[in-house]
């Protein structure tokens, strides 16, 4: 399509320039171009245009069919639910206890189609991983399906592509494509409940989390934290970013984020948490242990 | 001053200025006001480009940026692009058809005030931190009460009401003028292409704008009185908005482009010194573009996951609309090929139009393909596409029209030399700003983001785009300076400095109050070129009152005369009352009820006759009728 | 220099009736705009219905047929005095214009009052759900028309009594009648949608 367009552009402009040149040179006593010649030229051009457009139409419809058709089930089916301004990712399973809920990160096995069922809990978002597939809007009240397939392992960045409010610009998603073995190992890890805190500092951190308001919004499976409105933190330490791609997941950034999420992502739903330094350090250590 | 001049003069003084009904006065106001909004919208764009020139920039925070991009789009689409084209229609359609005035002059005056008050309302709100911040198309649920609890979305929705009322009123007037006020001899196939373009556009306005008015009203109702049109929890539907909005939104862009194409036909013909080649093909292209334009709207929704068969239909329609557009392009080229061309400033802008609009049209064909669309939808590729087609298809012809018609409106000539600089700066600046955006979109940069991470590598292209904006600003500034200079100290213009063929050039620059000392009749499509020397002029209209000749729709045979209204303050008063109603009603539904009373009063004042014979007919009681019934032949028209 | 030829239009009448007038074209414009609004509102109705599991939603009864049907008959009946007023205007018969316009206004009061009863017998409020919203808006859109038609016809009728009256005013009466026709005929599909669609869907 690109080359056809370039060719058409150049041909039409060339015709324009030739016509301009001839028109500028013509003096009133020159022989005029006959109306019949002009008619034939215009008619031919319109005819060629129609043929090209029909060709493009056929090409785009057949490509659309191929790209849009959902593949045979490959066993990996994921629900993506859009929120202001984060992605809820749920791996389906017939057995409820084997379902995995995470946020802002999607792992897929390479060379297999993955079906995504997408919707939104609040406003319209759009799921888009440019390297892997066209975008699909997440519309509250509608659940639609698209598929992805990665041909090679690696990280692919996704981003929300429908204006969804003040932090639309900071709603990214990390898609990790990996071999079957790696993928299923990851999924198994994700099925485990949160690791128990290994030492005193992390135990203190867990207390800070449960006693504070964190548990009101966030879930850590295997603990009493069961909040539903914010990302699931059960395996937070295994994620590469914080705040849906706003910051990389390091202890410094995590402390910064917890202390004041509004500094790096103003307007997002998480309030600031002015904690004393040692409580904050313990909390960061605890969350850092949630592999 | 002759009696005719005095009869058609608008009152002087400040109070008199509010009573003006002359279509040339209202047309000038429309053009100036729309251009002012263009400048303001451009400033907003410059602010956006500044913010985006670097990754992770902190010049504008997200809240202000979101208000700015929403207000920029809303301003350009509703306060500039449509009003400026309608303003050109208001000024030039009556002149081009040989009429003394525009149909329903008080309605046109009223529409100007509604347009102006709507724009002021938007910007006052913006300055009060209540500007719209959910994009120019304001999708719910984001625009609903839950996610936008402030008044911002109501301001947006009511701005729509202001501008749509204004546009609809002008559309009705333009259609009526072109159908019923044409000079004798101007059969439909002699009507200038620009007038055809305005008529076709006006019909599109009649059918498209109700969709957005209905949608925005439903949005206000959802937000104000608890209806559930777009509220998923209670049976509402987010896609209902998109269907209603885009049913308007797609024709809207043709409402903007078709007058532009009419301008191109006009100027190409003049500067090729021959009538437009393929008149019938061009008129049919305009009409078919208008029809087809109503069948494309779903191509704005390809990312929503609609059934494939439906999508294919809209892909087909979106691709096929290139056929009538292409036909026009080929006819323009043919006209130039068969003509004797001089390249003055207006023609430069037309050449720029070809380059830019065709590029934009081709990216449009690309976007019509669903697989491509789902990649580049909602990215800067689309931003590039629509700026290429809208700036290419409307703003370039508009600048051409400014250079072309400035002498007619003001009686002065703009500088040719400065004109070349303005064109060059703008053309280069435009391409520098918007071409890189195609690449940014293909590299994954989404729209409507107040910033982007440095790691994405989008910084260089964004910086280039921002640099281009500087050039465009310089171009526009230079234009404004030259326009003011010419007004004050420019060379006087003759009646017909371009030696053009349509009727507006058959009278003075600027035209006298009554447009023509004696209304013309025509014998060809380009009357100034083709009328024989003894072509009759119309006599017998009153000079002591605003007497206008009304003709038949198809063949422009004289039918009856009509007295047009005298200057009046009622259009302004009605607009003020309506403005109060509109603004009040975004705060409480009772605003509609209480606000309706002053509107009713002003409309009665508007309509109620000020004297017993202001319509020019006999007072009651009378013995014999003078007005013929619907199917009666008129009393003896004059013979040529 | 040859004398300029002229086309003398002084013998033309200072106005006309019917589709030759500018007023007719203005009315036509409004008719096209409002028809589009109604058509889109009806389309929205069916779109929302197609997305709903039940229509009307469970627990909601369809609007009572009585007042809607009565009003449809009143509206249709009002076309008689409307047509007679129109013809009287075309014949420039002031006495009959006055008489028939008063009769029209009586009908207008009637159908506006009955419209209130229609609203109270819709069996749903506008803020219950999308069904209630679209039904109220559909009925409300049409009500805007019958209210404004009543108001503008009252003003025009008043003028035909108080004066100043000139021959041109009779054209206004005739064109007003055309608009009245539109308001009545536009009701018929809306009546069908509000009152019968929930029973037939």
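Worth pointing out:
First chain written, first letter: the chains are A, B and C, and each begins at residue 1.
Heads up, the rule we're going with is that a residue touches a chain if its C-beta (ideal position, glycine included) is under 8 Å from a C-beta of that chain, and two chains touch if they have at least 3 such contacts.
Everything numeric here is computed off the predicted structure, so don't read it as measured data.
Taken as a contact graph, the chains are arranged in an open line, each linked only to its neighbours along the path.
Relative to the whole-protein C-alpha centroid, the nearest chain centroid is that of B. Annotation: 38 Å between the Cα-based centres of chain A and chain B.
Averaging Cα coordinates per chain places chain B and chain C 30 Å apart. Chain centres here are Cα averages; for chain A and chain C they lie 51 Å apart. Chain A has residues 141 in contact with two or more other chains. In chain C, 51 are the positions where the chain touches two or more neighbouring chains simultaneously. Counting only residues that touch two or more partner chains, chain B has 237. Partner chain A is touched in their complex by these residues of chain B: 61-63, 66, 134-135, 139, 141-142, 147, 232, 237-239, 272, 277-278, 281, 303-305, 308, 311-312, 315-316, 319-320, 322-323, 326-327, 329-331, 333-334, 336-343, 351, 354-355, 358-359, 362-363, 365-366, 368-375, 377-379, 444, 446-453. By the touch rule above, chain B contacts chain C in their complex via residues 103-104, 107, 168, 171-172, 175-176, 179-180, 184, 203, 206-207, 209-211, 213-214, 217-218, 221-222, 225-229, 231, 234-237, 240, 243-244, 247, 518, 521, 533-541, 549-550, 552, 558-563, 600, 604, 607-609, 611-622, 625-631, 634-640. Here chain A touches chain B in the complex through residues 1-2, 5, 8-9, 12-13, 15-16, 18-20, 22-24, 26-28, 32-33, 35, 38-39, 41-42, 45-46, 49-50, 53, 56-57, 59-61, 63-65, 67-68, 84, 122-124, 126, 128, 130, 133-137, 139-142, 144-146, 157, 159-169, 245, 266-267, going by the rule given at the top.
Listed in rising order, the residues of chain C touching chain B in the complex are 2, 4-22, 25-26, 29-30, 32-34, 36-37, 40-41, 44, 47-48, 51-52, 57, 90, 92, 94, 126-134, 136-137, 151, 155, 159, 163-171.
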